[in-house]
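Each structure below appears as structure tokens.
In the two complexes below, chain A is the common chain; its partner is chain B in one and chain C in the other.
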Partner chain A sequence: MELKDKLISSFMAFEEKLDLNSDVHNIRSKSFNYFEKNGFPTKKDEAWKYTSLEKLLKNDYRIFPKKVISIELRDVKKYFLYDLDTYKIVFIDGIYSPFLSDTTHDGLDVCLLSAALSKPKYKKVIKKYFNKIALKNDSLTSLNTSFTKEGAYIFIPKTVVSEKPIQIIHFSTGKQGKMLLQPRNLIVVEENAQVQIIERHQSLKSFQILTNSVTEIFSNKASHVDYYKIQNDYEDSSIIDNTYISQDKDSNVKVHTFSLGGKLIRNNLNFFQNGENIESTMKGITIIGDRQHVDHYTLVHHSKPNCNSFQEYKGIFSDRSVGVFNGKILVDKIAQKTNAFQQNNNILIDDNATINTKPQLEIFADDVKCSHGCTIGQLDNSALFYLRSRGIPKKEAKALLTYAFANNVLESVQIPELKNRINSLIAKKIGVNLGHDL
Partner chain B sequence: MLIIKNLHATVDGKEILKGINLELKPGEVHAIMGPNGSGKSTLASVISGNEDYIITKGEILFDDNDLSELDAEERAHLGVFLSFQYPVEIPGVTVTNFIKTAINSSRKATGKEDLPAAEMLKKIREKAKLLDINSKFLSRSLNEGFSGGEKKRNEIFQMAMLEPKLSILDETDSGLDIDALKIVANGVNKLRDKENGFLVITHYQRLLEYIIPDYVHVLFEGKIVKSGSKELANKLEEKGYDWIKKEIV
Partner chain C sequence: MAYTEEELKKELETKEYEYGFYTDIESDTIPVGLNEDVVRKISKLKGEPKWMTDWRISAFKFWTQMKEPDWSNVKYKKPDFQDISYYSAPKSKKKYDSLDDVDPELIKTFNKLGISLEEQKKLTGVAVDVVMDSVSVATTFRETLSKKGIIFCSISEAIKEYPDLVRKYLGTVVPFKDNYYAALNSAVFSDGSFCYIPKGVRCPMELSTYFRINQAGTGQFERTLVIADESSYVSYLEGCTAPSRDENQLHAAVVELVALDNAEIKYSTVQNWYPGNKHGKGGVYNFVTKRGICHKNSKISWTQVETGSAVTWKYPSCILKGDNSIGEFYSIAVTNNFQQADTGTKMIHLGKNTRSTIISKGISAGKSQNSYRGLVKIEPRAKNARNFSQCDSLLMGNLCGAHTFPYIEARNNSAQIEHEATTSKIGEDQIFYCNQRGIDTEKAIALIVNGFSKEVLNKLPMEFAVEAQKLLEISLEGSVG
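The block that comes next holds the complex of A and B.
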């Protein structure tokens, strides 16, 4: 059976277990209608020109997890930032794991979307925020919306600063066959509140898994959100990450995406600015090889004056890996004094590696500063000679230069433990072994 | 120690060196002078193994090793060092970590264990002091945002740490004010002994007032056209390179 057909019958089965009269269910049905009508995106869609889902969609995925699988903390400890006190929301094959989690309702809510969707006390928040910025005319987002059931729910009330970072981790075990996971996260940060969030999707062995995740983040007036995505999964794991961020005036949101492993990764990162003096930052490091594929598709919509956006994506591609960067900046006529900066720098280590990079600027205001640039290159020969002339062998010299190229994206990482972790992941990935702290 | 015989070299298909002959013995300091474009920096690059340059004729022997057969890192392991005219910036790698990596790479290549951390630290402190470098400098990213003087001082610091047999200083004086020049020259002089040699490449005589050479060679259009003692450098300073050009004609 085609995956789409399977999803149609699965949706019908899913509906039977739900309260069909709820507002949320109306949203689900509408979304499913959209998906049913439009299906999965293909390479004919401009936005998917360089990334094909065709092969992935041929797999016979399990849509709902069959059973609850438990895992021991010691087996997965390395995937956590364990040297840091954090809240944790952990899922195993899509099902919440209370044993591995550390949630709270004390001054802020760090819990489950399933709870927020069903309990009356969250009704107001759900009504105000749920599915409000996720795109209605996007097939994959609609698919996720129609199957919305579980994910992280984070609510940071006015002026609250979350003392601890929050880790959202999705483990997949591979014990129930091929799987399609569709987590749904809702994050609301109220006026003057602050939060740091780390999201990770991790398989525990190599098997065909496809994650189609949707995250909505509402950053209200003068709030700060610092979001980190760690994508360092097994070679058969694929993820389509759809993240939608709505910012009100004076807010500051930063998203760092570390794409270091997986089969196919597509990051749809969307920023909508709805007030003045907003800062939006997107940074990414992609380091892949083999036949891995990473696609960053960003959108920043400047719709009010005096706002900034800053994008810096670096990629290192070896073997036959493929990178895609499409950065769209939209500046409305009213959005004067916008500062939009975009940079995408890439190194191709091997002749067979590919990068497709495309800045897309649509500017309707006349008093703005928008700059964009992309570079594609090999390692600088004179730099390589410099290192080798100091006795550092060619292979190590190349690794050191590659490391140096990627490294400066980490400067803006605000959590030192995370910065160290990513730093060593990168060093390991590139093959730099300096045997001492960097 | 270093014997260069009838060396011809090209870059991008263009012949730059057209028959260089030079012998440098342990303990000697040779200065290579010459106008811009005469091939001075090319000579430095060719000796230290820059792959952009191709040797088309002749040979370079270093302690009986044919250098043209060796990669840049292998030449470094034998004790050849080049102080760059334009050192490369490497963000994210500190001066200290870079020099540790360089030293231990050479040790590994010659079958030695890594230098113990305490010894490394002691050596770094000692050589840093010699070049008036502070610990804050050592923890900065290599050459990133360094002034011209800082870059050159860092080059000589690396030289002091690596203790090469043959040091080639390529325009080390360019971009230095007189105080920085004195520090750098003082550093070089302290490293001079009867075992190691220096090839000092410079456009101006100024540096040679502080690093006194045993021999001065004038390079012109890819050939050494005149050799002599330090007096030759003085004469060049006084009369300029036109005097040499006329003499050749």
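The block that comes next holds the complex of A and C.
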């Protein structure tokens, strides 16, 4: 059975268990109609020109987990930031694991979307925010919306500064065969509030898993959101990450994406600016090899004056890996004094690696400063020579230079423990022996 | 007697046949509409050999299977292909007795461009003094060229006189299957230019500068083929800075360049067709396919200044097939009022050590939309390929838009690619600085725009550069508010 047909029948089965009269269900069925009509994107869609889902969709995925599987903390401890006190929301094969999690309702809500959708006290928030910025005309997002069931729900009320970072971790065990996971996260940060979030998808062994995740982040007036995505999974795991961020006046949102492993990674990152004096930052490091494929698709929509956006993506590609970067900056007529910057630097290590990049600017306002830069190249030979002439072997010299190339993206990481962790992940990936934690 | 719909239909059908089959060859016109017979007829009227007719027919057949593309960033009313007359002898322009009868606006523009009085007369169709006739000048140049073995003639002449050359190269760079408009052009092209530079010859003059008057009016489906044989050089100029009041709405030309080993082709275009009026009515659609192929150590350089047309949609491209070949693209696209331009280039690197440079300057004013769309593709075999691209946009006023869509595809680790794009406006401080020194705002803008586009203007042949510079000023006139 084709995956699409399977999804159609699964949706019917899914519907039977739900309250059909709720508002949320209306949204679900509308989205499903869209998906049913349009199906999965193909290479003919301009947005998917360089990334093909065809092979992935041939797998026979399990849509709903069969049973609850528990895992021991000691087996997965290394995937947590354990040297740091954090709130945790942990899912195993798409099902919430209370044992591994550490949620709260004390001053702020760090809990489950399923709870937020069903309990009356959250009704107002859900009504105001749920599915408000996720694109209605995107079939993968619609698919996720129609199967909305579980995910993280984070609500930071006015002027609250979350003292602990929040970790959202999705484990997949591989004990139930090939899986299609569709987590849905809703994050609302009210006026002057601040939060740091770390999201990670991790398989516990190599098996075919496809995650189609949607996250909506609402950053209200003067709030700060710091979001980190760690993508360092087994070589058979694939993820399509759709993140939508709406920003109000004076807010500041930073998203860092570390794509270090996986079969196919597609990051759709969308920023919508709805007020003045907004700062949006997107940074990413991609280091892949084998036949891995990473695709960053970013959109920044500047619709109000005096806003800034900053994008910096670095990629290092070896073996037969494929990197794609598609960055779009849209500046409306009214968005004068916009300052938009976009930078994409790539290094191709091996002959068979491929880069496709398409930085786009669409500008309708005249008093703006917009620039994009894009480079594809190799390590600087003279720098390499310099290191070698000082007795550093070629292999190490190369590794050092590669490490230095990627490193400056890390500078803006605000959590020192996380920075260390990523640093050593990168060093390991490249093969540099730092000899110490930075 | 009642006149039924059936009868009307029948009559209409026969009517078409009437014109389709019985038109006198001498009258040189073909009824409006497009079908296989029209294509055959065009071929017959031009006295073409069978292979050419067959080629046209297969292009036409392929065209009928194709869909009109709509991916570009321009909006326009789709042309009705059955409402176009596909062949008519060069339009006999209105003859005036003296320049005084000509539209004074046009004369004003000519004077600003610095076009000589004689040329002005020619361009507007005023009868020209026999002594000053530039045709005689043209003939002398033709002699000089033929002494060197250079062939420069219309493509229909070439099809008859040099069929081997034409047959060998026509459609090799832009096959008729390439795109919708290329297929249409291949089926119905009426005329165009053909140029062949033999081995080791350096063409002594800028081709077509002196012929520009003669070349005018070659029709809406122009076909150009330039072949530079081994180690030769040619600089080819197309178009005209003078505004042309062409009534044809759709222009779908095809230009093919072939640079054999060690050859160099420089192709410059200045396009200033009718852009429509201030309210965006009328104007020419310019949908052109231009492409060149570079063999070993050869070089193709495209320079274009696009100021006219309501809708411009074209990408002069280079296929860098041979090792060490070089492709260059220098472009200025100016849009004002309701004009739209979606232009750029494609650099396809196939050979080793190939290099390409892209400099694109877009200036948008009024309510216009200006897009750069480009592709840089490095294939796995293209070791040490190098590309540098720069696209800058200048916005004037907040009703226009500037867009960039660069596609970069690298499949090889020795490639070095750089791409830069900026968007800016003319700074108030820059204008203030000029004002302070007694330069009025309009002049100041012209000065800044010229500085902005200098890198491209420098690439134009001397006499063209001066005119192009003035053309920029004129195109942007009144855009400062």
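Keep in mind that, in the parts below, the second predicted complex is superposed on the first by the 435 of 438 C-alpha atoms of A that agree within 3 Å, B and C clash if a C-alpha of one lies under 4 Å from a C-alpha of the other, contacts with A are read in each partner's own complex, and residues count from 1 in each chain.
We adopt the following convention: a contact is a pair of C-beta atoms (placed from the backbone, for glycine too) under 8 Å apart; a residue touches a chain by one contact, two chains touch by 3 or more.
It should be emphasised that the depicted structure is a prediction, and the values quoted were computed from it without experimental measurement.
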item	value
Contacts of A:46 with chain B and chain C, given as first, second, both or neither	second
Partner chain(s) touched by A:362 [first = chain B, second = chain C, both, neither]	second
Which of chain B and chain C A:279 touches, first, second, both or neither	neither
Comparing the two partners chain B and chain C, which touches a greater set of residues in chain A	C
Contacts of A:350 with chain B and chain C, given as first, second, both or neither	second
Contacts of A:396 with chain B and chain C, given as first, second, both or neither	first
Contacts of A:374 with chain B and chain C, given as first, second, both or neither	second
Which superposed partner A:336 touches (first chain B, second chain C, both, neither)	second
Shared chain A contacts, counted only where both chain B and chain C touch the same residue	none
Sites on chain C touched by chain A in the complex	71, 380, 393, 395-425
Chain A partner contacts - residues on chain B that touch it in the complex	48-52, 71-73, 75-77, 81-82, 84, 87-88, 90-94, 97-98, 100-106, 109, 114, 158, 162
For the chain A and chain B complex, residues of the former touching the latter	380-383, 385-394, 396-397, 400-401, 403-404, 407-408, 434-438
Footprint of chain C on chain A - complex, ascending	46, 50, 333, 336, 346, 348-378
